[in-house]
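A, B, C, D and E label the chains in the order they appear, each numbered from 1.
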Amino acid sequence: MAENVNQNASAVVEHLRAWNSKAVEEVIEFHGETTIVVHHTLLRSVALECRDALQFNLLSDATCVDRYPVEPRFELQYHLTSIPNRTKIRLRTRVPGDQPNVDSLVPVWLGAGWLEREIFDLMGINFNDHPDLRRILLPDDWKGHPLRKDYPVEGFRDIPATYLPGLKK
Amino acid sequence: MVPTQYYLVLSAILFGLGAVAFVFKRNIITIFMSIELMLNAVNLAFVAFSQAFGKVEGQVFVLFVIVVAAAEAAVGLGIIILIQRNRQSLNIEKVNLLKL
Amino acid sequence: MTTSVETATGVKKTMVLNMGPQHPSTHGVLRILLELDGETVLKAVPDVGYLHTGIEKSCEDKTYSQATTLTDRMDYLNPLGNNLVYALAVEKLLGLEVPKRAQYIRVMMVELQRISSHLVWLGTHAIDLGAMSVFLYCFREREEILKLFELFAGQRMMTSYIRIGGVALEPPAGWRDRVGKFLGMMPSRIDEYEALLTENRIWMARTKGVGVIKLEDAIAYSMTGPTLRAAGLAYDNRKVFPYSSYEEFDFSVPTRTDSDCFARYMLRIAEMRESLKIVKQAMEKISDSGPIKSEAAGIIPPQREKMKTEMEALIYHFKIFTEGFSPAPGEAYVTIESPRGELGCFIASDGSAKPLRCHFRSPSFINLQALPMIVEGQIIADVVACIGTIDIVLGDVDR
Amino acid sequence: MIAFLQQYAFWIITIVKIALLLFIVLTVNAYLTWFERKAVAHIQSRWGPHRVGPHGLLQPAADGLKFLFKEDVTPAGVDRFVYYLAPFLSLMLSLTALAVIPFAPNPLPFKILGEHVYLWITNPDIGLLILFAITALSVYGIALAGWASNSKYSLMGGLRSSAQMISYELALTMSVVGVLLMANTFSLQSIIEQQANAKWGVGFLGWNIIAWTHQGLFFPQIIGFICFFTSAIAETNRAPFDLPEAESELVAGFHTEYSSFKFAMFFIAEYTAMITVSCLATILFFGGWLSPFASTPFWHFTYYIPSITLIPFGLWVIYDGLKYETIFGKLILPAIGFAMFAIGGALIALPAVNDYIQPIFWFTAKIFVFLFFYVWARGTLPRLRYDQLMNVGWKLLLPVSIANVIVTAGVVIARSYR
Amino acid sequence: MSPVLLIFFVLAGLAVLGALSLVLQKHPIHSALSLIVVMVCLAGLYLLMGAEFVAAVQIIVYGGAIMVLFIFVIMLLNAGAEERTDFSKLAKIAGLPLALALTASIAAAVVKPDPGVPAVTQVVIPNATEKISSMLFNEFVYPFELTSFLILVAILGALVLAQREKK
């Protein structure tokens, strides 16, 4: 099965390259998983192409990795599944830490709504055109974004907030 | 044994209070209730006469009055709901569309 | 938060009802703001996060094997499934092969877990609709499954039984009899629930045609699991992307097409029967002896006996439990079929002994976001039925 | 002194009867909760209360104490007067309804203060109408409680219940009109007595549910009964029609904000209403205190059923008590069992008393069956949705019961022309 | 004072108090409760007179249906306490005296001893219920049928009034 998935995935990469030569920045193969790195400005159009032309109808997951202090520090991961083709790929886009803005994928997959809200809540990445971008897991008045690497595991407790970086929000 | 007059006086008092409520209350529902009170006062007089004369006609009239009151309540409360919906108030003063 | 619809005249005709976070039928601490017109729901806004425990953040501060115990606490009706998806992800990251015997044991345990989860679902859903007895019947049988877990793992709920590289313990003596007894009992018990509900007029009136989700909506909202299958698409990770040797098992993926609460009820009943079949096959496949963990020095703790005789084993043991192991940098994403849908685990490693990022795709969280679409326009009693059949676990939603 | 007592004998006896009836009804209520919990528990394959006293028999007392001593919370923003009035109103009305129910035909075999003592508080000619009048008022308790609590769940519960009770009152009233047409009276006692002349003297054939009488009139009121009992369950807000307090939707409906004794009042009112409705079903459709057996000499042995049932039951209680786990149970249960056994034996030995308890036994036995039915439905059925409930009331029960009235009227007219 | 007279005075007093409270209470629910008290007292008085059937109907229809409808509507509209507004000057100045005058004149008219009216209101009419029904269905059958028509019209009217406009 695994090889089969991989073959499909390479076809996907070829299709995307043929569709737009700038779409695919990098392709990573690791343990049978194909990661397609795209530029964050092209994310939504690539996603649309994946959904419409390549039948990736299910957005399985969306999450974010904070590679602080590497810059661009945020790596958004979109796990796509094509139910008809039995294929999985991962779309990755790198977002800079100073102005984490990226186009929302809600117009492509409605299911991205809460996933992106979660990323916004815990990582502090803004999604343009998101219909309802509010904190979801944490209280509305929470300060900071806990899944960032510069946010301590035990929270800020009694440390005055002004002494800590990344707390402007 | 209760003299007939006692019932009639009670009926008159209730009717009078109903009239007072009708004039002084501002809430449409309460005004409507005061009408019901007046009808009740009349019913009391009917039953008292019926029992005094030993004839049941009075009670039959009471039944008719009750039926009319029920019909009136259904329509009247429907109208009240409409008023509330359109005017956002149950105050009789606010229902003044026809007032110059 | 805008929750009230004001009509053009600036007239408020509706009532906002705060359903939850403490409410008998929100299955935990879910809060839904309902805007009602009479009993009709105009707008529903789910509000989650009351049970947020920051498990993903905590994982980043634990070694890979320590984080296993955290996964138990996410979806508290499916701890073994959570263990499994985490173990599979770490194994993928390490490129580790798990012995067949351990895989079959994993399958058996996860399927038992699926039955128990569906039992809790059926019971709570039934009590939401007022059928009190079914609730207690379901918990009676769930108790049997929990006893089996206790037998296998020494724990009833938070078993942490499935570990990286295999399972924690050798199956106990006499387990075949116990599981066999359960398998013998369960089909008639499922018939019992069906006798109380399936053809009950009130039950049908409450569930048929209620909470219909169109297939394209379900896919667009990324809904998976029974909710998607009840809409007519046979998407099941066990069949589509088999893991843990599921391809060797003979079972079918039940689907329904009407996609209402009744369909989801019938579907889960059918799934319980399928799971029983899988447990039976797994029992036959599990040999009486053989390894339950893969052999990988420095990753899998050595056997107790070896530790007492071999210096090397003792050193590995010490190293594993003090500093852990460090997979190569990279990412792994694994999905399995949990009772609620596609349960995913994404782990990013930066080459250290602790995960750089550990993210769980929890099916309840993603299925729940379609709730407003399902309930708007229905009446308040149906909201309860819809929440019930989406089958959310708030521990899974909030993590 | 005696002369004074005799002058006001009627009033004194009535007050004593009211006090006794209240005592009995409240005790029965308490044990009805015990019975319900036990029965539902056994339906659901669990034990139910079994900690306080042997078989949990003292549980009602413990519950009562708990209700008395719990903190009485009054939420902020309630309309105090109405908030306190509502539970009183509920309780008072449901207890008042019992006043017109006749429990047995014969007065006590001895006179007290020179007066016959009948087993009813009052027995007016329009007993049934009075019952319906009281039922009609009982909606206020719930509606006002819902309104006064200043809570949205309560308000919705109150609104639901007032709509539900008004709707089902119609079906309830219409469904008994068939019986009234056949009996030609509003008096509950006369309705029972009319059911006595059964075909071939076989008791149960004469009951209105079968209605096969000497006169050859055969028109079973089964449809009437089904409509009646269904609406009665809805009228008493019990499962599967317990919408006003549907705990999965409205938390606890109209009594969400009530605690401690005020909650207990609603509770008692609900159970008393169950008893009243069961009494009414028994009287209207199941021959009240009439024995189901024929009164011919061959069937004379059935006169001993009330007393004989006590003997094996007493023996069983003794047996059960001896193997009970706790010392208290070992002592108290055999004592109860022996008392039952002895009473049973004594009753057989005293034919006069045995004759006297016949009607009371059959009446309570039938009531018990209906109470069990209530509990059974609660343990088995899911809850209807609100709109479905209204549909059942208006579109099913009301037309069917009206049709039943029309057909019954036709049958009664046909009989009068024969 | 005979017990009957005592009961009369208790019930009559309660009824008057209820009616007064209807006037004086600010909140419509309290007014409605007062009205229910009046109605129940009147039913008691009917019983006292021996008009059992009317008493029962009074409670069932007035108490159990009409007033429940009132309370239902008050709950539904969530009507608050009455607001005081400056109302008609005429009513303010002349309302109370006129109402009192009305009461007094009616009372005076009925209290005036009339040889035609029997002094005591407690004639026991045998089989009153039966007589009422036979009268309803014989002499008054057309009015009776008319009332059923009236009720039907009222139901339809209420339906039409309360229905939301379809969008």
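Everything below uses one rule, namely that a residue touches a chain if its C-beta (ideal position, glycine included) is under 8 Å from a C-beta of that chain, and two chains touch if they have at least 3 such contacts.
These numbers come from a predicted model, not from an experiment.
Graph distance from subunit A to subunit E, where chains that touch are one step apart, equals 3.
Looking at which of C-D and A-C shares more C-beta pairs in contact, the answer is the pair A-C. Chain centres computed from CA atoms place A at the largest separation from subunit B. Centroid distances built from C-alpha atoms place A farthest away from subunit D. Averaged C-alpha coordinates give centres for subunit C and subunit E that are 63 Å from one another. Chain geometry summary: the mean Cα position of subunit A and that of subunit C are 24 Å apart. The multi-chain contact residues of subunit D, meaning those touching 2 or more other chains, do not exist; every residue touches at most one other chain.
Not a single residue in subunit A touches at least two other chains. Annotation for subunit E: residues 53, 57, 65, 69, 74, 76 touch two or more other chains.
Residues of subunit D touching subunit C in their complex: 40, 43-46, 152-153, 156, 239-240, 242, 246-249, 251, 378-388. Subunit E contributes residues 27, 29-30, 33, 36, 40, 43, 52-53, 56-57, 59-60, 63-65, 68-69, 71-72, 74-76, 129 to its touches with subunit D in the complex. Subunit E contributes residues 2, 4-5, 8, 12, 15-16, 19-20, 22-23, 28, 31-32, 35, 38-39, 42, 45-46, 48-51, 53-54, 57-58, 61-62, 65-66, 69-70, 73-74, 76-77, 79, 82-85, 87, 91, 95-96, 98-100, 102-104, 106-107, 110-111, 117-123, 125, 128, 131-132, 135-136, 140, 143, 147, 150-151, 153-155, 157-162 to its touches with subunit B in the complex.
Subunit D makes touch with subunit E in their complex at residues 79, 81-82, 85, 124-126, 129-130, 132-137, 139-140, 143-144, 146-147, 155, 158-159, 162-163, 166, 169, 186. Of all residues in subunit A, those touching subunit C in their complex are 1, 5, 30-31, 33, 35, 57-61, 63-67, 75, 77, 79, 81, 83, 86, 88, 90, 109-115, 118, 122, 134-139, 146-147, 151, 153.
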